[in-house]
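There are structures below to look over.
Same chain, two partners: chain A is paired with chain B first, then with chain C.
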Partner chain A sequence: MSAPAQVAERGTPRRGGGYAKPRKAGGGNFELISWFFMRLSGLLLIFLALYHLVWWNLIVGVAHLDSQVVIERWNNPFWRLFNVALVTFAMLHGLNGARYSIEDYVRRPGRQVAVKAVVYTLVLGSLLVAVFALLTFDPAVLVNR
Partner chain B sequence: MKTVTLTILRFNPETDREAAYREYRVDVEPTDRVLDALSKVKWYQDGTLTFRRSCAHGVCGSDAMRINGVNRLACKVLMRDVGDRVTIEPLMGFRVIKDMVVDMEPFFAQYRSVLPFMINDSRPPQRERLQSIADRERFDDTTKCILCAACTTSCPSFWANEEFVGPAAIVNAHRFIFDSRDEAAGARLDILNDREGVWRCRTIFNCTEACPREIRITKAIGEVKKAILYGSTAP
Partner chain C sequence: MANVRHTSLGTALRYRGREGMWTWILHRATGLGILLFLIIHVIDTAIIIYWPGEYDVALGIYKHPVFRFAELLIFFSVLYHAVNGLRIVIQDFWPYVMQRQRQLVWATAVIVVLAMLPVTWIMLAPIFGLAQEPGTARSEVRCSEARNAHAPACVNPEGEVAL
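For the complex of A and B:
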């Protein structure tokens, strides 16, 4: 079987039958991976963010939120990592969503690169600062103040 | 019989610089269709009104247009369901040739790009290629597509980027990807594993809402995404 030339615009008929794998327009599996990441991080964020919200606002309660509670949690490596996961997934999930919107609506290539550069720098820069602070900050500084 | 007002977005490239709304009052029965009302305008009031129609029974997909802001087939919408004031506009995202007639060529180019035909180079059996009921069921929904473009032109991702292959092409790829008699699922999945393929779908569900054949389009697109993720069309 061979298809009319104008039909096989992306898949090319092979000599002897079948269809050659069409060449990718670029990007490899990046879009697939980022789609899967959105599903995974979205699911994780439901639990991470919900727990964060319920713990601080309902269990501890806004009235009892003080530096002492923060210091206690910060001293526990598990909660440090919990917060690293929360901020990392939230920022990267949001960044990928922003990338979708930029690619949908900023159509001129040069402008798209410029907008992406600004957004990526801001988000990844903030994420870096947040993770650095979470992992290296010593809450004892607050106690000794 | 009652009188309704049709507000139609008119555009004639030979005389108009831009499209403009014009109002027409027509007498219709509640069981008349929007297509009947349009025909009354064309036959008795303004012969220059231009729209596509062919079977007029929801099968050929010629008369998809925006009726009160949503994509519908004019031959499947009854006047009693649209009120006394009806706004009629051409499909969004395509170049308007005249009035309701839009340039469908980009749509069909995207359709052709997903190899929407049976590909099986194995030696055919003595009789037909058999298929179980369960295997047929997997793509039953997507066989219903009539290529009216109501889904693709309701999709914000398509409005933003006409290079997006669009829901209709993905539906028609799905019809063959999940057909047990077809052998080119891999090629189609490769075609759709692209920034302008399934990944530009943002799961907005406009397509599912717009489909006059009630195809669960977003579900079909999700199945294609999963098949790409798992590298398999196995259930």
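For the complex of A and C:
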């Protein structure tokens, strides 16, 4: 059998539940910040993502969708910025969630680095493509058709 | 590695973690599923800035009835992840409610199921001919405008795209 899993060092228990922040020798606050980011981006995404789904699936309807519908929508800079916010928060929230899963299930250090490299590249690469497409979108496309 | 544990899937699923375990598994599964779809969705949408025609071809695939079930699954995943995530946030910032955490899980389930009933009807009924596609009235107004006469969805409302 393998040795027992190492338990992360905890701080002292706090009244009313939870633990006080453990004291660490050096090291940053990355896990605390990522925990807080998941709550903050999650709350924002409830509105951004559900609005996006309701609008395109229930109000516009996939059956009535074509490139011109999207181009007309993107002509308004507000909706391009809305999409930038939606895709950025969703990708970073998803990337951090994927990191939790990778660190839980891929335990060999070498393999974990490899899996993270692939997933980070895919997620950050498609985020880059998305933001590039939204920010360089040229409304003249509509005129040229 | 000292930290590698070998637990089979069967053993893991026989663990009786009740509501908390199942919501956790579903939260993780829906989260990873949404991320996978998000990557695909970004790529297919981004091509619109250079190749609007190819975008319409990609849409033709999404309009196939089989994909309607996939879109419904994505809708469910986002809705569940949102409501369950909200439950987690509330429990984190207001630990008092942890005393009723099992009831909160059931409240989450009820909210998701109630919201999914009309969503399922709106998205699936049209492919069985039981209702109009959502947005049909909006689309008819749009297609009656002269400048949209040649828009792909107006020329071919059935959505079939010649490949």
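One rule holds in what follows: the second predicted complex is superposed on the first by the 114 of 145 C-alpha atoms of A that agree within 3 Å, B and C clash if a C-alpha of one lies under 4 Å from a C-alpha of the other, contacts with A are read in each partner's own complex, and residues count from 1 in each chain.
Quick note on the criterion: a contact is a pair of C-beta atoms (placed from the backbone, for glycine too) under 8 Å apart; a residue touches a chain by one contact, two chains touch by 3 or more.
No experiment lies behind these values; they were computed from the predicted model shown.
Applying the document's definition of touch, where does A:94 land relative to chain B and chain C: first, second, both, or neither?
The second partner, chain C, only.
What is the contact status of A:31 with respect to chain B (first) and chain C (second): first, second, both, or neither?
In the superposed model, A:31 contacts chain B only, not chain C.
With the two complexes superposed on chain A, say which partner A:123 touches: chain B (first), chain C (second), both, or neither.
So A:123 only meets chain C here.
Kindly classify A:105 by the partners it touches after superposition: chain B alone (first), chain C alone (second), both, or neither?
Touch status of A:105: first partner only.
Which one hits more chain A residues, chain B or chain C?
So, of the two partners, C touches more residues of chain A.
Determine, under the contact definition given at the top, whether A:62 touches first (chain B), second (chain C), both, or neither.
second
Take the contacts of chain A with chain B and those with chain C, and give the residues found in both.
3, 6, 17-18, 107
In the complex, go through chain B and note every residue touching chain A.
Counting only chain B, the residues touching chain A are 109, 112-115, 117, 119-121, 156-157, 160-161, 183-184, 186-188, 190-191, 193-197, 199-200, 202, 225, 228-229.
Across the complex, what residues on chain A touch chain B?
The touching residues are 1, 3, 6-11, 17-22, 24-27, 29, 31-32, 34-36, 100, 103-105, 107.
Which of the residues in chain C come into contact with chain A in the complex?
Residues 1-6, 28, 31-32, 34-35, 38-39, 42-43, 45-46, 48-49, 52-53, 55-56, 59, 62-63, 68, 71, 74-75, 78-79, 82, 85-86, 89, 92-93, 95, 98, 119, 122-123, 126, 133-136, 138-139, 142, 148, 151-154, 157, 159 of chain C touch chain A in their complex.
Any idea which chain A residues touch chain C in the complex?
Residue positions touching the partner: 2-3, 5-6, 16-18, 39, 42-43, 45-46, 49-50, 53, 57-71, 74, 87, 90-91, 94-95, 97-98, 101, 107-109, 122-123, 126-127, 129-130, 132-133, 136-138, 141, 145.
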